[in-house]
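All remarks here apply to the structure that follows.
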Amino acid sequence: MDHTAIVSVLFASPLLGFLINGIRRNHHSANVAGAIGSLAVFISFVCSILLWIDLQGMAPDARRIHVVYGSWMAIESLKIDFGFWIDQLSSLMILIITGVGFLIHLFSVGYMSHDKGVAKYFSYLNFFIFNMLVLVLGDSLVTLFVGWEGVGLASYLLIGFWFTDGEKAAAGMKAFIVNRIGDAAFLIGMFIFFVSFGTLNIQELNSMAPTIMESTWFGIVTLGTLFLFGGATGKSAQIPLYIWLPDAMAGPTPVSALIHAATMVTAGVYMIVRLNPLFIAAPNTMMVIAVIGALTVVLAASIGIAQNDIKKVLAYSTVSQLGYMFLACGVGAFTTAFFHLMTHAFFKALMFLGSGSVIHGMEGEQDIRKMGGLKKYLPWTHLTFMMGWLAIIGTPGFSGFFSKDEILWMSFHSPRGHWALWVLGVIGATMTAFYMTRLMCLTFWGKSRVAKTLHPHESPATMLIPLFVLAALSVVGGYVGIPHIISEILPGHPANILEHWFQPIIKTVPGLVAGDPAMEWGLMGASVALALISTILAYQLYVKNPSAIERFTQKINPIYQLVSKKYLVDELYFGFIVNPIVRLSENLWAYIDVRFIDKCTYWAGDLMKGSGSFVRSLQNGNLQTYAMYIGIGLVVALSLVMMR
Amino acid sequence: MILSTLIFLPVLFAIVIALWPQKSTIRPIALGFSIAHFIFGLTLFREFDPNIADLQLVEKYMWMERFGIQYFLGIDGISFWLIQLTVFLAPLILLASWKSIDKNIRGFHICFFILQTAMLGTFLAFDAILFYVFWELSLIPMYFMIGIWGGARRIYATLKFFIFTMAGSLLMLVAIIYMMFLTQQAFGTMSSSLLDFYKLSIPFIGHEFFSMQTLLFFAFALAFAVKVPLFPLHTWLPDAHVEAPTPGSVVLAGVMLKMGTYCYLRWVLPLFPEATEYWAWIFIMLGVIGIIYGALVAMVQPDIKKLVAYSSVSHMGYIIVGIFVFNHLSLQGSLYQMLNHGISTGALFILIGMLYERTHSREIKHYGGLASALPIYTIFFFIVTFSSIAVPLTNGFVGEFLILLGTYKAIPMAAIFSVTGVVLGAAYMLWMCKRVFFGEKGPLVADAHHPLVDLNAREIVILVPFVIMIFIMGLFPNVFLKWSEASVDYLIKNKANYELTIKGAK
Amino acid sequence: MGQDILEITINSVKLILIFLMMVQAVPILVWLERRGSAFIQNRFGPNRVGPLGLVQLLADAVKFLTKEDFAPDKAVRSLFYAAPVFALIPATLAYAAIPMSTPISIAAFEAFGSTWGPYLFRVQGYEIGVGIVFILGVSSLAAYTILMAGWGSGSKFSLLGALRASAQVISYELALGLSIVGVIMMYGTFNLSEMIQAQQGPFQFSAFGYTIASTVDWIPNWGIFYQPIGFILFFAAAFAESNRLPFDLAEGEAELVAGFHTEYGGFKMLMFFIGEYGHMMIAAGLATTFFFGGYGIPGITAQELQQVIVGWGYADQTANILNAVLHFLMYNVKFAIFLWIFIHVRWTLPRFRYDQLMDLGWKTMLPWALANTILTAIVIYVVAA
Amino acid sequence: MTADAFLFWFLALITIGGASLVILMKNPIYSALALVFTMCGIAALFVTLDAFFVAGVQIIVYAGAVMVLFVMVLMLFDLKHEVEAFSKGRITGAIKLATAGLLAGLVMGAIFYSSTAVDTVITKQLAAASGDPSKQLGMRLFTQHIFAFEALGILLLVVAVGAVALARSKGGTHHDQR
Amino acid sequence: MINADFIVDVGISHYLILSAILFSLGMIGVLLRKNAIVMLMSIELMLNAVNLSFITFSKYNSHIDGQIMVFFVMTIAAAEAAVGLALIVSIFKRYKEVNIRFFEHLKG
């Protein structure tokens, strides 16, 4: 099959799904709408597979498909096409998107079955998939930006899906505006690259990336990549722009799974991996990325400990895990970053869907303090959720373990790394283990705190099947990227498939040498041990001895409050940025517009009036006074003439 | 004769309507006229050659021989799309006025058609005096539109509108007359033809404010700045918009503001290249201030229409910045943004007008939860909103992107500051949308006695062309840009001594 | 005034003589009027004092001079006294400008050790280039005396009379002025002497190649034949100008007692009389000059007469003087005839009503004068072409 | 001292004296008479400048017609003495006097300045050979200035109508309300 | 400047200065007198002064147009006097006085 046709179908099917569901938005049948939506994504998934297979058949160095539909903008030197670029990276990415996306669509059929706006919901979801595909496949930064903004728009619509609730609508708005801040930075990054390189085509940019590292802070590549990273912090919820993501949980849970865990939020990481030659050329940017990533890991994980909303916990966990990916990018482990992106997509989607299943079973209840002991009501959900739990806390053998430890090792070992980054990463891992165990304990294990009126029930099959699939992937997904030292002890020495696959397009950081296996094993052991300790601690505290934790929180109440209030970051932002701006605007309006500019015009009018009335007073009706003016004028004129 | 016909056809329409016996059929007749006018405007696509930068379809007759004043019309790539925009909006505006204008229908249509003439004339005139006549003529019907069919404080608004614009253009008249004398000095005979003005070389001394070119430059630039409106001179706009009836607002935002920016391209840049280059920083600065200031002030407006009006200030700021950084990308972007703004803001005003017809309120706080009451309306409103905040694949993105890209190429700091407008634009529009469409149902929306009725067929028919245009312009900008490409290219390449040649005349 | 002391002296004496002549003509005229009116009314008039009552005037003069000089209580004294004095001035000034005979030329002669002359003495007060304009201007000043007298008297009758009189004078001045425009156009000059020169010889009118002069050479070349309408208008206006019947509305004894000089008596009254008769004389003189050849003798020009007298055996110098005397007599004959007409009319015609007077002035005479002017202009244009 | 110079100084004295009386006399009738006097003096000055015809017209029109009208009106109104002949206000009065004085001073200064700066006073006499000045005047008036002349004629007509309309006992612009 | 020559050699400047003095006197009359008729008369005086200048220039420039101008000025003066007096008459009819302050109704 022709590539262009495949790509066309790839794009067209979600777009058509969007339009069809959009037109029949008043229909309430979840099955029909879900079938259309899911089918659309499934077709895309098939296309992705086809493309992937095609790529497989090509030579490793020439694995790329470039489809150009025509020129979008062509002005002077600016030439932007509707061009799509499928290579190792993007083909894998669209597989994740369409695959996970399809599963989540499937899940949604059950989850949204009672909602009136289900057709609208599926149309939005398809719209999201479409934009995500554009983002991933776009061959230039501008095309990427189209998808970038498009997914933001879809996210806005989906977060605010239940718009009659003002807070949810506000959350959508917040997400969009915060993203916009990142987008603005992204735009500037684009401008910088366009002005200095004369192109916005990603491949051309990558090929133009300087081979000599840029050591200054204000070099073109450093600035450009910094601004692009600024865009990524918005989209991928990093410090300082992560605040929108927890609020984004206002949307339906499958949306959180798809957009705010698996796909959209990883766009920033994808973008950095995509442009890795440029980023490698800017060590300062890399450092910033690494530091911000590491800080985000710790900050988000610490907040996650004190959250009581099941989705909020997962949201902060997502932020934290994204931090890991950026940490990986920052230390130059782009493959590892993408690896973690993939595994994270599996297990975090799984956990979100699991939480969705719980919420569905609990008829909308999200507070984990009101759950507990759900294991017996929701056995399948519990089982799959546990797989995700095992993966995220880094249980050896599960997918999360491979990716996370690779990141930790690289952050220590890479020439761009630092032991402090490793320390932060490990602290994050430890915390992750703690809060995830806490989540498990409070939700599924221990005594039931479910209200008597509620009768939790297991979800239907359409919801469970995606859970199973994702659970399986969470377990085995890690085997595509087994680190070298582990593969060495494994039977058959399975190769790091992922690294091999990415070999031609992802550069490595210069100066990277093979590490000391002993050190690697040691560090791995340390982190796993710490995670294990914190898991056990959490189990002890939340299942065995719940009163202890209460005493403990009482003891450190101020800190606890601070953490559970998310370090008051939202309040800080509102207090120091948003409200001042609004107040400033009000004052600008009141003082500059109304009291200054308008006053000035009135004043000018009054001046005219005043001068008019002064001149009027000269016109007193007395003929002789007039004659006197004439005389004076004559005298003056004559004097002037005489003086010459 | 195409251009003359294009300009004066509306006058004919106005006369016919003035004499039309049946009052009840005026509206469809006028609509038919405007559609005919639009279709006639489409003939330009056939007649106009986009591949050359020359002045085309020229009509040139001596008007007042002694002063060299001519009846001189022409069209080139810069004005081409503005003409199309003007004729495109007319039927939609008229259709939108069917409900909002309920008194003195005949007078309204006459006003409207004369306004069309004035605006088209402004875009097509290549003689300074003729241009000035059209420029001033456009004020009068607008004055009546706001003054007769406007809101409660319409007299205040009309006065402000009139005095602001009038005060600016008087300076321009002085400058025009002065330049006519310059032509007399240079060529022996007086002439007010723009092409002769182009041939003048006006002495410029950079550091002296009171040098001839600088003064002339500011005389022209100020007149246009009021119309645009540029930052400190913008206060007439919100008042005029709030008090204007829906059609008036649409014309004002859609076309009349473009007259200012268009004239910068047509008059200021080519005539005073050195002064423009030397003083561009002021306008870029004011443009950037306008972008940010307009957005910030729009954010806190309690009135939807006023909010959109301030957003116009912000958007026009982009255009000004794009014009004054003066490179290919930014100029094309500015031209494109003019069209975008005409379509998006025009559609927004029409939408607000439809809402106002239903509830008779524009206070944001009276609304809330409108999305569930008026779903179709909401869809349209959001599409237009996204166009207004420049979401990619809508028209707004192309214009803003090109402007910002060009600006960054020339003055990075200006672009960086302007980009904040992108964020603030999203902020004020979405915040407004959130308060109006989402959340609890507001007092007006929840009123059980007067349930809101969603858009009817007529209103959908009005809005669909806008939406189509939004997406066409967002997806296929090349189609539009190629018509202005040659002219802009020529303007950039010959900025020091810009001269237009007439097509066919060597 | 003159080149040397002799000329200055003679000219000054001449001025005084002319003034005296005018003043002394007044008693004669008064006598004539009284006798004439009596004759017209079939009664005797003054006939006791002196032969034919001729000395009556002297007696009157004595009476006037010896009368008590008084002024009314409400009078504005300065004006009241100034008015009669001013009344004399316009008349005198105007009368002195009318030529009464041919100029007398004196050849140069030796006396007192130096050469005197040659001299040319005109038989008139002074020669003025724009004579008509001067006379019209000066005589128009007469209105002030009337007004001064009328208002200065502080009497209602006086004031009303003065207002009437001055209005009348102003109104008719227009008709008067316009009526002689034809004459001026015809002669092409303002100068009175030149006009008289032009009226010398037989009637001469040529138009379209046809000349009347050869057939009727006994008719003098007088203005009356060219401007009959002008003459009638002029003469009527002159009556009005001099406030005489039928235009004596200013006095109108039955209505206003005696008009502006009601309060006057004695010598002041006499001065008004002199002024009034002066006006009459000016009118007569002008009529003579404009329309009846001035001092010219019909049938013979001044040069011809000079030759005739030289033929009688006189020297040129003497002949010149004789010629002047003869012309002076001729002038006085014509002058006297017109004065008599004035007197005769006064006692013949009744007085107009005031509105009739104004109507006549503005609605009849003015249009006719204009028509006459235009007609004359057309004729002159045609003839000149 | 020649006769011309004597005549000039004499007439100058008369006219200035007359003009002073015009503005100083409290009784407007005296003012009017003084003005007549001044005008006659000016007419005489015209004569000294060889403008005989204009001098005559000056007397006919001004002294004979215009001023008679003034005097008639004054007498008709019987305005003897004004209660306040001069306008009040010392400062404005001083300014007015100063203005007039300055104006005269400036003009005189200008004349003196020009007569010294431009070395000789123009003393060209009216060319005697060109014929009768009155005739010249007429020729020029009716050829070169015919338009102005006709315009003035129309003006006079309008003025006549207007004056009559204004001064009529019935009608006019001011209706007597009493 | 003021010397025997100035007195004896009467020339153009003498007439012009006389004219200026007369003009100023007329102006003082216009500015200071309250009686409207006297003001009108003062205006006539000013016009006469101007006429004098015209005639002077006419003579010393050997050009007849000065006299023609005087002719026109006189006509205008007569017209002006007629209208002025008519106005004064109507004012007098109303107020029985001709003080200029009765003309002050048109104040701004």
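Each chain carries a letter (A, B, C, D and E) given by its place in the written order, and its residues are counted from 1.
Everything below uses one rule, namely that a contact is a pair of C-beta atoms (placed from the backbone, for glycine too) under 8 Å apart; a residue touches a chain by one contact, two chains touch by 3 or more.
The structure displayed is predicted, hence computed values, not measured ones.
Q: Which neighbours does chain A have in common with chain B?
A: A chain counts here if it touches both chain A and chain B, and no chain qualifies.
Q: Relative to the centroid of every protein C-alpha atom displayed, which chain's own C-alpha centroid is closest?
A: Smallest centre-to-centre distance to the global C-alpha mean: chain B.
Q: Have a look and report which chain pair racks up the highest count of C-beta pairs in contact.
A: Of all chain pairs, the one joined by the most C-beta contacts is D-E.
Q: Give the label of the chain whose average Cα location is farthest from that of chain C.
A: Taking each chain's C-alpha mean as its centre, the farthest from chain C is A.
Q: What is the distance, in whole Å, between the centres of chain A and chain E, each centre taken as the mean of its C-alpha atoms?
A: The answer is 95 Å.
Q: Indicate the whole-number Å distance between the mean C-alpha point of chain B and the mean C-alpha point of chain D.
A: The answer is 65 Å.
Q: Using mean CA coordinates as chain centres, what's the gap between chain A and chain D in Å?
A: Going by mean C-alpha positions, chain A sits 99 Å from chain D.
Q: Could you state the distance in Å from the CA-based centre of chain B to that of chain C?
A: Measuring from centre to centre gives 89 Å for this pair.
Q: Give me the residue numbers in chain C that touch at least two other chains, ranges are fine.
A: none
Q: Considering chain B alone, which of its residues make contact with at least two other chains?
A: There are none in chain B.
Q: Could you list the positions in chain A whose residues touch two or more of the other chains?
A: Correct list: 624, 628, 631.
Q: Can you give me every chain pair that touches, using the contact definition above?
A: A-B, A-D, A-E, C-D, D-E
Q: Write out the stretch or stretches of chain E touching chain D in their complex.
A: So the residues of chain E in touch with chain D come to 1, 7-18, 20-29, 31-35, 37-38, 40-42, 44-45, 48, 51-52, 55-56, 58-62, 64-65, 67-68, 70-72, 74-79, 81-83, 85-94, 98-100.
Q: Quick check: in the complex, which residue numbers of chain A touch chain E?
A: Listed in rising order, the residues are 615-624, 627-628, 631.
Q: Quick one: which bits of chain A touch chain B in the complex? Just the residue numbers, please.
A: Its residues touching chain B are 25, 71-76, 78, 142, 145-146, 149-150, 153, 156, 160, 163-166, 169-170, 172-173, 176-177, 180-181, 183-184, 187-188, 190-192, 194-195, 581-582, 584-586, 588-589, 592-593, 597-598, 601, 605.
Q: Show which residues of chain D lie in contact with chain A when the two form their complex.
A: Chain D reaches chain A through residues 87, 92, 95-96, 99-100, 102-103, 106-107, 109-110, 113.
Q: What does chain A use to touch chain D in their complex?
A: Touching chain D from chain A are residues 624-625, 628, 631-632, 634-635, 638-639, 642.
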